[in-house]
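All chains are identified by letter, namely A, B, C, D, E, F, G, H, I, J, K and L, in their written order; residue positions are counted from 1 within each chain.
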């Protein structure tokens, strides 16, 4: 099975800025780990990051016919990108939403996710390990 | 007269995903029809689609001095892109807003259009034919 | 096919008051045009106007079995008449909502239509021509 | 004792439209049943239906001095007719509000009744039998 | 000068119901007083009352060309009749809004008037004398 | 048929406190009357009261397989106990909601019932007789 | 009878600033007119203006035992001074609220008056003549 | 390490009611699986379910000094039990919140969790497997 | 005079958890102090704590006829237990609400007390001494 | 220790107006009592009342270096004076907020205190005795 | 050119309280600096501070005819003083609003300025230097 | 010191569209002026404009290690781009927000800035000169 792991705006800075909050793991390390976790589960993992809403939508569209599942951490776009909501709904692949921190226990505006209604599950607050949990969860679908 | 027909995020998937909801007509067919409808009315129609808010704004700017009218279906950006609102206002060309389905009868958040205040008219719920109606309407300005 | 064109409160004053806003066309002329546009499309158009919510509901009920389609501009009742909402839903005929101006770009309270959820389409901001567009749209159902 | 049973907009279509939702009983049959239920309880029942808010108010006013109790199903006017609220308050007769379906478990806007504050009781969701329950309840006042 | 005095739903019951709240003066007496107050000011006063929103709109329309000023107490329609708002705006005659009690000091929903934005003045809480004040005020325009 | 009549917090005080508001009938008398009314209709009525949300949920669960219908007056839990909402939904028995007074005409917070969406009907404002009406209504299902 | 006419912040600038909006009449002229109108009605009018909430409250307190009635235009304090609300309530003299323009037809925040609940009447939109109307109204109490 | 797995109201019905929504796995089976998953990770898992908010709080308190971690699915109490919020905060043990379905994509009121601010992570939409994910996550703390 | 001192959820942990916030005094010590303070004032103080809303309501009911006054700190139930509101109202004993910290200066949701409307006084922010103040206050009724 | 007791707008009328609500004790008597209560506790009490927000702020500023503690009843300013909020915060002296009646059980707007966040405690509903309680409370700091 | 620099409530404490937040510069030093900065620009600067809303309004009025420009930091009055809003609007002098800290990044209620709509510019977060920036900005008008 | 000046959507049209509102200065001229103003202050200014949210984020990221300060005018993205908020927060460089017009005195939705909480200062309403003020302000950090 092929899995696309998508990360949104600013997540490329992981591990280099504010390590007290986001830890020392870089996005490259997370993506590398995802590929390995996926391999252990018999999945082929493709990783993608962009600070552009439009590129994320393009990439989701390109997943049609080549990917089976999606893991997505839309970063701050989580809170207003109805366009990503529509993209996930349109491509129709099982999708799991991941957040590094528990967005539901932070500022008011971070508690709303406009993409949740089209995701099958939400994992928040587990740091990089949340991606592994999402991959395992997809494996058990 | 030159008309620019702009389609926003996810509309490139028309006719290929969820035909029960959006029908079997592809965006290519709609754009082709627009060109033909326009020709019948003595208009030259240029079609543009992008999943990127920024590219849509760039394209609207480029319409200054080359286009006379705009027909726009901003997709999900309809509901939060104040930047497209400002772009339409800035270029000052008569613009008609089109939606394939009647967004005013769907989910709560789809009932608000932040671009309506700078559009001369709104046509919703007529499927691909809404574009033809918009072209005719512009022709009668 | 038989089409009923319904106009709500104050629309009988069209063309006689505030021509700067609503133009010089009278309701009689619009209704006459509707009959002609309809005839061109092979439709028989009946026109009805009332300032009374109750009479509009009565007329919609009377359309059962004699009319095939409805075009309605409920005027200010658009914004609070749940009774007209229920009437349109009850009679079950395909209905298109028309507004002369683009109500979605005016005062806050004009941006909400309580009848939209039971209408198949909405056309706003095209002046009298909106009625023609509605008739054509019905013709293509 | 004399009882006035008032039905509001669209209830005249009962039994003829959307039987899956509203059942096969017509308003005439309900009114007939009310008269019989009333007779069994020693009441004289007068039935009235109108799609006009104004006629309902006129009829409520006419009940002064001739009627003892009111049973009212204001239909969609339930949700915005402060004028009927004032009429019920002004005539001062014990009034019971009836709804065929349980309006409190439907769309958001159907959950508010502006007439409840001046009614002695509310019966919702019992279909035509709700009227019988209202009559019995009045009989035990 | 000709003045039309319009009273809305339930005001026909004045003086007969709840005298503790609304006093013992009937609407007939108020209208008679208005005619006399008007005569003293050199005005011809026409009085009109209806429980029907539609009839009030019809009557306002009929004032075009025959009346110079309007005094209106829309009763409970004050709080939701955007159609009367539009009628007053359309006919364009100077209009003063009168309320017997001070609606701004009663229940929450009575504190909003949707017709105020198109009235030149508001007089509330002066009982029947409010009509006299409105007539005098118009006389000094 | 077996019917469970459930009463929530503070209803055990009925008839002993604030008789001006709640009357002189005790809960024991209401339960006794329910058993008799039920017997007349061929039902076996079991009555249960608790001030504990958890016990009410336990009792509703225990009704699975032993009861056919539920009559419930959740008292103040009506306004916030989503857990009772879920319990009623989970057991899947036809349920009617009863309130002694007309909660829809009292304080703001009493006008919302979180359990209504899973109840088939609501009877409010009929005092103890509301329970009889509920039993009769169930009998006619 | 003694009447205190109170004017709040910025009303001392009347007639000198923005004559297109507020006219050419100065506050001194209004106060002079009030004294004359009062004299004609057999009243002694005392006028007071201050830009200080505290001084207005002090003056209202000093009215106890020396004044019979109050006419007040609190200016912008109308919209937030609960302290003036409490002062009017505490002194217990019949009070009429006057506004030069119709505050209910201006910006959103001007549509709320926190003092209305303790005033017997509201007169808005009649310019300086509103004060005369208030004096006459008090005279007829 | 000792882990307490807490389940709230109505979760005892899992696997017996509405299998289309909640699946065929019973709570007993989930708790059994938790014990096994825990054992594999070197944890001792204690399971507790109650329909009583108070019992859940008592049990959380009893975890002080005997348990190291908490996994909690508060059921409908998630949405209003500030008392459970305070209990989790008071005992100070690392806690993960689990929901069988993705509550963030259901009814409006299910999208708010009052306990999230005191939980380290949230896992929603993974069915019974969410508990395993929570245990693993705690194991990696 | 007999006084019942009621403490709600989580207050049993006082003095043992988060001493930086809640101090080092245990609930046992507070209850002991209350008995002594009461004795000094000639009162017999009974103390009760529960994490169960239902038990608190049961205990309040049991106070009828045996207690004269109530002091209550409902803990987090303060913010949503309308059932405790109704219990206090029903038993009709003078009740004073106590909070250890000043709830009005903490998180948004802690600023609303649903029981305040039926309490004679509120004392917040005085720590354990607030109970003494409440006892003295009752003594002076 | 020196304590400043500050009373806001309209509190100077205590004991002279509406004794049914506020009792017969005058502000002079309360201030006298405060001085005596203070003396018994070894405090020197200074009393200050003003209807002017600005004077209250000036007086609070003057307390720097001369006073140790503040007791304040801001009257209606409680609900909107962010300037007094800032003054209390700036001077940094321990402050207790007192209200004669339980403001949390009155009109909606009286339930919000903008000064609470900078006060150490709130005592409401104890009449004049609330001041004594505040003094004692400060004494135990 | 003459410039009036107005500072509102509590700003007289600058430099003496909470230096960690507001710095060590006193208001006197700021005013002195303003005079110097003004002199360098060929302006005569007059400085005024008051804790009284009324005095600020009086001073603004006195600026008519003597001052050319206004710089104002209304302190906490920024958030509710519609009277200062009206004063600035009435005197009609170009006005710039200054805040020492960036009020838009602090508590919710500090993010709303009711005076902004009548100010030409807003400078926030620059500490004392914000006044210099305002003076320079006025100089370039 | 190196400063990055970022301009968001539609600002590239400055000076060419709606000169009555935005003046005749082009963005090129503003950027040129910024470079000169910077040079005078010993700064090296880099200018960047994009209509793409993603490009702005990319550019902000690229500023890490090469830029010392940021001046940003996010255009309409100001009102909804939480992704830019997160980018500014992540890179951790002192940032000043500039707006040409005083956004706080325009349409409702323009009064909210989601980026203000992570900016050190806000300058609005000074036209192109606002950029110079921002540069000077940074120079004094």
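Definition applied: contacts are C-beta pairs under 8 Å (C-beta built on N, C-alpha and C of every residue); 3 or more make two chains touch, one makes a residue touch a chain.
Quantities reported herein were computed from a predicted structural model and do not represent experimental measurements.
Peer 1: Identify the chains adjacent to both chain F and chain K in the sense defined at the top.
Peer 2: Chains touching both chain F and chain K: none.
Peer 1: Check every other chain and keep only those touching both chain C and chain I; list them.
Peer 2: Output, common partners of chain C and chain I: nil, no chain qualifies.
Peer 1: So how far apart, in whole Å, are chain I and chain K when each is placed at the average of its C-alpha atoms?
Peer 2: Inter-chain centre distance comes to 48 Å.
Peer 1: From the C-alpha centre of chain H to that of chain K, how far is it in Å?
Peer 2: 55
Peer 1: Report, in whole Å, the distance between the mean C-alpha point of chain C and the mean C-alpha point of chain J.
Peer 2: Computed value for the inter-centroid distance: 63 Å.
Peer 1: Can you tell me which residues of chain K touch two or more of the remaining chains?
Peer 2: Only 52-55, 80 qualify.
Peer 1: For this structure, enumerate the chain pairs that meet the touch criterion.
Peer 2: All touching pairs, sorted by chain label, are A-B, A-H, A-L, B-C, B-L, C-D, C-E, D-E, D-F, E-G, F-H, F-I, G-J, G-K, H-I, I-J, J-K, K-L.
Peer 1: Which stretch or stretches of chain K touch chain L in the complex?
Peer 2: Against chain L, the touching part of chain K is residues 96, 102, 104-105, 111-113, 116-126, 129-130, 133, 136-137, 140.
Peer 1: For chain A, which residues count as touching chain B in their complex?
Peer 2: Where chain A meets chain B, its residues are 52-55, 57-58, 61, 64, 80-83, 85-87, 90-92, 114.
Peer 1: For the complex, which residues does chain H have touching chain F?
Peer 2: Interface residues on the chain H side: 8-10, 12-13, 16-18, 50-55, 75-77, 79-80, 109.
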